[in-house]
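Shown below is the structure under consideration.
To keep things simple, chains are lettered A, B, C and D as they appear, and every chain counts its residues starting from 1.
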Amino acid sequence: MKRIGVFTSGGDAPGMNACVRAVVRAGVYHGLEVYGIMRGYSGMIKGEFVRMDSASVSNTVQRGGTILKSARSQKFMTKEGRQQAFDQLVNAGIEGLIAIGGNGTFTGASIFEHEFGIPTVGAPGTIDNDLYGTDYTIGYDTAVNTALEAIDKIRDTADSHDRCFFVEVMGRDSGYIAIPCAIGGGAEIVMVPETAMSVEAVIETLQNSWTRSKTSFIVIVAEGEEEGNVHNVAKRVKEAIPQLDTRVTIVGHIQRGGSPTAADRLLASQLGIAAVEGLMNGMKNVMAGIVDRKLMYTPFDDTINKRKVINQSFMRMVEILSV
Amino acid sequence: MKRIGVFTSGGDAPGMNACVRAVVRAGVYHGLEVYGIMRGYSGMIKGEFVRMDSASVSNTVQRGGTILKSARSQKFMTKEGRQQAFDQLVNAGIEGLIAIGGNGTFTGASIFEHEFGIPTVGAPGTIDNDLYGTDYTIGYDTAVNTALEAIDKIRDTADSHDRCFFVEVMGRDSGYIAIPCAIGGGAEIVMVPETAMSVEAVIETLQNSWTRSKTSFIVIVAEGEEEGNVHNVAKRVKEAIPQLDTRVTIVGHIQRGGSPTAADRLLASQLGIAAVEGLMNGMKNVMAGIVDRKLMYTPFDDTINKRKVINQSFMRMVEILSV
Amino acid sequence: MKRIGVFTSGGDAPGMNACVRAVVRAGVYHGLEVYGIMRGYSGMIKGEFVRMDSASVSNTVQRGGTILKSARSQKFMTKEGRQQAFDQLVNAGIEGLIAIGGNGTFTGASIFEHEFGIPTVGAPGTIDNDLYGTDYTIGYDTAVNTALEAIDKIRDTADSHDRCFFVEVMGRDSGYIAIPCAIGGGAEIVMVPETAMSVEAVIETLQNSWTRSKTSFIVIVAEGEEEGNVHNVAKRVKEAIPQLDTRVTIVGHIQRGGSPTAADRLLASQLGIAAVEGLMNGMKNVMAGIVDRKLMYTPFDDTINKRKVINQSFMRMVEILSV
Amino acid sequence: MKRIGVFTSGGDAPGMNACVRAVVRAGVYHGLEVYGIMRGYSGMIKGEFVRMDSASVSNTVQRGGTILKSARSQKFMTKEGRQQAFDQLVNAGIEGLIAIGGNGTFTGASIFEHEFGIPTVGAPGTIDNDLYGTDYTIGYDTAVNTALEAIDKIRDTADSHDRCFFVEVMGRDSGYIAIPCAIGGGAEIVMVPETAMSVEAVIETLQNSWTRSKTSFIVIVAEGEEEGNVHNVAKRVKEAIPQLDTRVTIVGHIQRGGSPTAADRLLASQLGIAAVEGLMNGMKNVMAGIVDRKLMYTPFDDTINKRKVINQSFMRMVEILSV
């Protein structure tokens, strides 16, 4: 293999640039030519390729977002679109791909490889941490810290006014972001998809605490929470406990941005190098990940179909710590 | 004067603790006894007074929120409530007050003084910076920096995905927070109450930029904006320019919390000391402020009735800088 | 067991308060009485015990330093001192101890238990991450992020002036802090005790890079580095390559302070709870730790005598990433 | 005037990029061609000119350092060097200059104009805030906040261990950085060139506080302090009060880096625009500044020869607040 391409795809995540940098530098180190593919599969179809050398990723390790940009591509979901992508890659002499993204990205890469034989090795780039095959995804640690800093600020005002704040954090269908935010943010309650806590239970817990003369509260609500969105939860609580001074905050898209933490830079660097070396060693349709501090390559089939289970003991911790 | 009380009232603001600390230490320095009054007028009515010495404000200068807590008091709006407050103060021997808050707070203090003769000197504690008689209010600089950090993170993801973000920042009826956020955050457009920019004008500007192949945008919307809330603005823009990938973020209550900036700690310290020294010198119904780097005491009547005008040249800067 | 004591000892670390909070809340949750022992063994000897309830640790999870304070105690190294400590504990009815600290702390606890039979369970509180029996110590993640933020700022000025900065980070006798700082901070070289890189090798690497027209450099030096301190390293490099514009920065004690990261708050919370539950289950002379995401109790003998080895692949990463 | 050049010179300061961006965008707005001159006078002599359009400064407003780089030039101090610079400018058709820097930069620009008639308008870019003609310099607010964040972290560890920290902050020959750090950082003492406080006075103050059972202290020392450097001060204090557990921290070069604060971005934007508009209006040998919130152009002769005096009341505040 002489020439490889690297792209970012799906929702952006802090550390994607650190991963791109690692891919480029590892490529250079091993004598490969590396091309950046702009805007994921969309740019692949259009042939938006940029030659990258060591200097092209200088001073990017600390930057949020992705210098390669990201986009969703309807066209790549069609055979015709993938044919165009293949033609562009062949034309540019690109023989293998590094995909930084999540399961949507890997599904596309897998189909593409089966049809056209271009191998892809993936790196897990998503703030949601919901990928099987790695303990942590690139961007997750930063997103949690960003959310936690927001919660720290909210606690200042919650305490000052004896208020009850309902704070929505990201995380798609899992509580991976919500739970450490609850534990580290001193929240009384955390509502995550995994436990399907009812609003009634939330009300009961708040009422009990109120009786014990606790007067300010933080309730963390994961965005994928089944009981409906954070505004509905707050509304129903207010109806049940009118004396509570309730407020809602949605941390939102700021969780996707910002300079990556040390852990995310380290992970992104490890996995970027590992992805290149995996590709050089003939791997395909696998994602590089770290499991129990060891490098692992997990088939895309598994990252897509298997579900990573959240540590149940964390739920118990929220209960103990809010005693 | 031998014994004074200090309280925080209205919305909390970063730097309130630094101001309380300055009041306490200046009081001690000048041989006064200082009492903290909990929860503003509400605690005054209930006699929630706490003796404060120098050590009681150690390690508070950097803390967000207010250790004296804040609350709104319906009761203080009644003569009966104010009578109770007066009785409590007399009972505790408190002869003068330092009020850290905004115009609602000062209005109450003014009425109270006219009725019962207890003098109050105010310090401007609000993130909104909408008080006549001081160039900056305590908490404003921190709130702007907090909002700007959020916008920096949002720009990462806006750029990565070629999106148009509508970001709502606080500020009640003025653009004081929104404008530096727009200038410092590299926003293309800022919608503030002062200029009453129409959504049509926003659409036109975005369309022009889009034609010039600019693909990611940030529009800052002040919360008091007349054209309706940020969700409505985003919706109307999306209808007019369907190819724009729009998103909404409300920075929200995190702007009230967090450790105060250097400028806010300095201002809070200056005005806390000035308020005590003003009270000692027989002042009442005035707010300590800094105008053109000079200490000024402005009558509550003026802080309440006069309107501080925003620098018009700042609006022009947004236009120039987004060229 | 009815009554337990908790103390922090040795160098302070961010997250110690989160751990104390977890100990107190877990104690309350399980029906124990918890006493805070001020200033480590020094306060134990003097009987500086403070009853702690749930509210006493409110709003501490995010605070740096330790509310229980820390101190070194020469006296506890004597039999007489330990006898006094034992008398104080017996007098106060304290039957078991939670020690948050490092190997010095655990050595003392171990001797104390052998002599007087008071059981101690430890939690690893040190920024150095040099404790066998846990993948990460409480405070390590925060210290790395603090150092990295400093390095990010230094890179701004290094790049602007084409300078070579030598940055000393903490870490006693290991490169645990230095290595992620080098990887995440985009450093060209890292000097750590584990590899004993010579100054000659540093000079050679810098000369090679210089020839390749690289003009700004960051060299991370671990404080325990054998080749002597960072000033000497910088001086010898400057003598060898006079055209380099060299500067030295020592990150220093700021690495010990600051609000703990999400990872440190989570770890501190887990281990605080685990320490209490271990003690309740009859354990003694063990440290609670997390190894490969699983809770482990490791005998003090092992934490003291066994050496945790740094991941060698990280050294190779620095080489690849600075290509 | 059709074509102008912009450069940064002297020590780098946060906000320089925001200022360059404002210069470029204001130039574009007013129909000028703008060239970036790399590495200050050094690049001017070598003709390192880069055409800048609006997009070339996208996403730079928040970045520390300077994208135009900075360097000292011995050669520009010679007539021959300046002749070469003039030839390069004439060759490139550059008719006017915007210099972002301090008095060294302005002195050079002034001589250059007298000899060769190329007009320069300056913007004050230095963290030291020691320039007459503007209340604040670009970078000052950020540097103070960076130092203050370091001091906040140090206070955590100072309090935990009952230590006395001597913290050196930057500021050349003035206390502009040191004083707000002392007020905002809760320091007991501040040593600045302006007051020439003796080490004996420091010792006396610390001894008095120690007697009042205060046990942890922060002493801020400005780098230009006459009594010698921070290590000497600490050493002499330790000799006089051996029971003090003293430590030294030098905040150092991190004060030059980092993302600029809101205030610095706003100031940099205002002055960048003002500098361009001044140049267009025929000004030369003047620095744009903000005095009492109003735009002012001050002759280089005055910025160089007049001394801005620090607010004496701030010194008194340190005394009151550490009571």
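The rule we apply is simple: a residue touches a chain if its C-beta (ideal position, glycine included) is under 8 Å from a C-beta of that chain, and two chains touch if they have at least 3 such contacts.
Here is each chain with its UniProt name: A, B, C, D = ATP-dependent 6-phosphofructokinase.
The structure presented is a predicted model; accordingly, all values stated were derived computationally and were not measured.
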Going by the contact rule set out at the top, which chains touch both chain B and chain D? none
Report the chain whose mean Cα position is at the greatest distance from that of chain A. D
Euclidean distance of C-alpha centroids - chain B vs chain C, Å: 39
Separation of chain C from chain D, taking each centre as the mean of its C-alpha atoms, in whole Å: 35
Whole-Å distance, chain A centre to chain C centre, using C-alpha means? 28
Two or more other chains touching the same residue: where does that happen in chain A? 152, 155, 159
Report the topology of the inter-chain touch graph, choosing from line, ring, star, complete and other. ring
Which chains touch, pair by pair? A-B, A-C, B-D, C-D
Residue set of chain A touching chain B in the complex reads 8, 12, 14, 16, 63-66, 69-71, 146, 150, 152-157, 159-162, 165, 247, 249-258
Tell me, which parts of chain D touch chain B in their complex? 18, 21-22, 25-26, 28-29, 54, 58-59, 61-62, 135, 141, 144-145, 148, 152, 155, 159, 180-181, 183-186, 259-263, 265-266, 269-270, 273, 292-293, 311, 313, 317, 319-323
